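A, B and C label the chains in the order they appear, each numbered from 1.
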Amino acid sequence: MNTQTITSSAQPRPETSSFDSDTQQLWLASGLLLITGIVPALFGNAYWEHSFQLMNIYIAVTVLQNWLFVDAGQKSFGQGVLLGLGAYGLAVASGVFDQPIAVGLFWGIVASAAGGLLFALPALRVQGFHLGFVTLSAAVVFPQLLLQMDDLTQGLNGISMPMRGLSEPLLLGVSTLSLLCTAAPIIALLFHYKMRRSRLGRRMRTAAESPEAARSLGIRPGVMSSLAFLIASVGTGICGLLFVPAVSFVTPQSFLMDVSFIFFFAVVVGGRGQLLGPVVGIWAVFTIPNILLVDLAHYKPLVYGFITLFVVILFPDGIVGTIEEFRQKKRKAGGGERAFHLTALTDWLSALPDHKAAAEDEPILTVRGATKRFGSVVAVDRVDFDLRPGEVHGLIGANGSGKTSLLNILNGFSRMNEGSYHFAGRDVSKATAPAIAERGLGRTFQTPRVFPSFSVWNNVRVGLDARETEMPAGLEQILREMEAEHADGMPTLLSHGQRRILEVVRVVLKDSPVVLFDEPAAGLSGEEREEFSKLVKLLSRKLGTAVVLVEHDLELVWSIADRITVLETGSVIASGRPADLVRDPAVQHLFVGGAHVDA
Amino acid sequence: MSMLDVKDLTAGYGDIPVVRQISLAVEPGEILLIGGENGAGKSTLLRAISGFNTPASGTVMLDGVDVTGQPPEQTAKQGLRLVLDNHRVFPELSVHDNLRLGQAAGRRDPDSFAKSLEQIHDVFPILKEKEKQYARDLSGGQQQILALGQAFVAQPKVLLCDEPSMGVAQMLLPPILSFLRKWAESGTAVVIVEQHLKITQPYTDRAIIISRGEVALECPSQELDARLADYNATRMASASHG
Amino acid sequence: MLGDLLMNLDMITTIVLRGAAVGSLFAIIAMSFNIVHNATGILNFAQGTIFLLGAFGAFLFANRAGFAVWIPMLVVVSLVIGLFTAAQGWLTLKPLRSSVEQNSWIISTVSVSVIIAAVLTLNFGVFGNMVHGPVPRVSIMGVRTPGAFLLAIGSMFAWYFILRWFLRRTFQGLAISALSQDFEAARAAGLDVRKLQLLAFGISGVIAGSVGFMVAPMISVSPDAGLRYVLNGFVAAVVGGIGNNTGTLIGGPLVGIVAAVTAFYIGGAYQDLASLLVLVLILMFLPQGLFGRAAARKV
């Protein structure tokens, strides 16, 4: 048995994470924003001061769009609408109806949140290009509506609303407005930075990267995307509030389709998901063309259209992303990755006392008469299935015999047409996957769901994020070591087998009394198979975890299962202890050369 | 020189290796049977040979030409035709149109199409009877026949056949296998991947068994039964000790 | 009394005709979406500005022309736009091979749409241009109807049947259908996937461009009009079920009539808002569309 210890744990953890350069990018971006926001005012240059105020508001909007696009996986072409709703909310309430500014601010936020709801509601149901079209439609419709509802918006004339007090110098000639406009994108960046490092942020991104994996961890992807839209909407609406004093008046012309395109394109050109991206992106598609084409305003859309097309085809990672990738490559050439091992975890498990679960315990999971049809095909046909705490239950059968379909019923991905399903004392026949996951069921997938945008440690951590129970004392120390070890690890450098092991650790940390493994041994090396078998045995013996194991590797199943069920065309054809089953013709059938074609 | 010559092929999905260092060769007129349990890597092997997965290393030579890593539509045009498992046809097209599309991988010439069509209709009259029906309305076995017929129209040099028995009623298997036998004897190199070895083995010349992505044994087909019995006996013995 | 009723009838006929004609355009855009979507899985956001290119073709080369000029120009303009769209397809499909980001096509098709609109604006300004076509007005149920309305409705059916014939009878068409039914089996059978996808892009360009050319007299030929058509075309496609051409025959006119009724009773500026609300409602309650087949769920 392989018991090599990890020698690198003695290394001190680097100050800043080198998995990503978020921290450096945050500093760099904030520095640039401070310079552009403050320096022109120090020199009393009113033109640049004003230009950079607007630019920095745009950057703040783009930062939120970047977060929405990458960290929450939602594509929106309508951020200009939300900016406009914030601005018009304030301008209509305070500029037209003479309400106090505080009331105006309130209405601005309400208006942008309401607009966000229009995006958020369909996001509960659909994804991808559907939402692209919804948001694009909104961006087309919004200026039309502003013109049409002229008793509120004063139509094409717009609403003039100078707020001179804000432009008075406050400190060294810098006005309150300039400070606010500089603070807005920095706060947005901090939000993005902090969100990435929070449980909610990780769960949102998990939902964006793999909705199935998210649901198996108790996350509801629709809720996550709606919430992301709402947060980004309110944030963008707040930028809209700042837009009013920065420009002194609002007209429908300020919120045409082009504005929304600029935000979206800036994200792409700057580099999707890069913290510094929005700053560089707005400079590239908005500020520089504005300066260079000051007399040729009509050429602006052409220029940013071409820049974006050029970037998406030649440098899909954007400006910052391409530089970042270059740096990462150099780093990769430098040092090797640390392998991901289970040794610490299995050692800890081995030291635990045996779990008191006994074979005569009540089943934790009971399925009766489960039937699942897809059209005329019966994938699962009146299956009865029991699982007791601590039991390792192998599920075998030919391709298409219904193993994965049954697994999907157990974790709630698909709902039975008939039959009942009780789990942990409750009827969950109609429960959703996240609800079943929350009651304590975990699963892995045929292709491991490992997220390249997370470090190795964060990939494991999404399991911890889903944990509902207290952490046992000994485990915390192991996790600290694992964090020190893998906080910077790039999952793309892990071998396939290690990714599987990583996914297994994730499910173990979620602390699930029941774990479903879907072909866990496929692609594992001999050594990794050993490691995996040992872990499964320890889980059942020490933690009392009940395991369902769908696996083609019959030797592996025979060596670790307490009970084996054989499926054929959706029905159970045999079930029993491994030793008893080995001579069963139904099982012989599955061994190579043992297959007779029965009538 | 063999018609199909595979050397040291390692391949998988993305960077997941599923088959490692597999070599095999098939002559014109010969049927090679590849067996192995579910998940052993049989389908992956065929998909890597035909170009669906790019091999990580190794070479695939087709009639002396290196086709390693070419996309499947290109290898098909050069005369290597994969028939996928699960009797996959184009469900919303008629039986006749499915056969018609078979020409994509061969010459598009009405005369030779008419001739191939006639030959297939002779062997499987059902395809003539149901000519105008949608392929989705055929039974699994009929769809498998249709998929093979579509490949036959292309007159490939090498035919790779992934689990022809899957979803096919038992009574249809002997005619399908003897069709493949006759097809091979006309000078085509045929590879059949199959789990149902007993029924397939008599129609084939040589056999390879794959386990966990590697060649576990290789022998003439008539020795397969005996060799497998030994092989399984050793394996079960070691499993019950593990 | 009778006079009122007749006037009402006239009005209803006018609204329905107008809605159906405009809706036919949405249906045609939806069909041009479908052929590309079925072959590639992509929805070309530039389809609206491509449609508009056809209308600008009519404005430039066939304004006030008789049939003798109009018909040859229609053919030439449609083919050129078809080639242009195939080139766009080539560009769009290019990064998909290597990039990790699978949604690059959304960005590249949107940016192409922006570029076309920007080029048109530079050359023709932002305002609408009037185009006169050779098809005269006709009287339908006593309502004088612009000839372009009939062209719109007629070309919806014409393209529907041409596509049906193409996709079910010709070798290339069958091959494109095969791509959408089983992509892997199509590749195994040796179908030239990339060429067929470019052909699908080209055909979608010919469809949108030819109809844009023919109906130029009934639309506002201005650079920013493209977005309106791409969005409403998308709504029509979603209502009919994406990928389903028969669905567009209902989806298109339905969206057109909703827009026409909104324009009549509430105001022209609310038409697109009405379509947006239709889209949101359909997505929330019938995401597969009225006629879309529920895809079997795969995990």
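Note that a residue touches a chain if its C-beta (ideal position, glycine included) is under 8 Å from a C-beta of that chain, and two chains touch if they have at least 3 such contacts.
Everything numeric here is computed off the predicted structure, so don't read it as measured data.
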_Just the chain pair, please, that has the highest number of C-beta contacts._
A-C
*Remotest chain, subunit C as reference, centres from CA atoms*: B
_Central subunit by CA centre of mass proxy_ = A
*How many Å are there between the centre of subunit B and the centre of subunit C, using C-alpha atoms for each centre?*
43
*Counting in whole Å, what is the centre-to-centre distance of subunit A and subunit C, each centre being its mean C-alpha position?*
35
*Using mean C-alpha positions as chain centres, tell me how far subunit A is from subunit B in Å, no decimals.*
41
*What part of subunit B is in contact with subunit C in the complex they form?*
50, 52, 71-73, 76-77, 81-84, 88-93, 97, 100-106, 108, 147, 150-151, 154
*Which of the residues in subunit C come into contact with subunit A in the complex?*
43, 45, 91, 94-95, 99-101, 103-104, 106-108, 110-112, 114-115, 117-119, 121-122, 224, 227-228, 231, 234-235, 238, 267, 269-270, 272-273, 275-276, 279-280, 283-284, 287, 296-297, 299
*Name, in rising order, each residue of subunit A that touches subunit B in their complex.*
398-400, 447, 495-496, 519, 522-523, 552-555, 558-559, 579, 582, 590-599
*What residues of subunit C sit close enough to touch subunit B in their complex?*
168, 171, 174-175, 177-178, 181-182, 184-193
*Report the residues of subunit A in contact with subunit C in the complex, numbered from low to high.*
75, 77, 118, 121-122, 124-126, 128-130, 132-134, 136-138, 140-141, 144-145, 147-148, 212, 257, 261, 264-265, 268, 272, 298-299, 301-302, 304-306, 308-309, 312-313, 316, 374-375, 404, 408, 413-414, 452
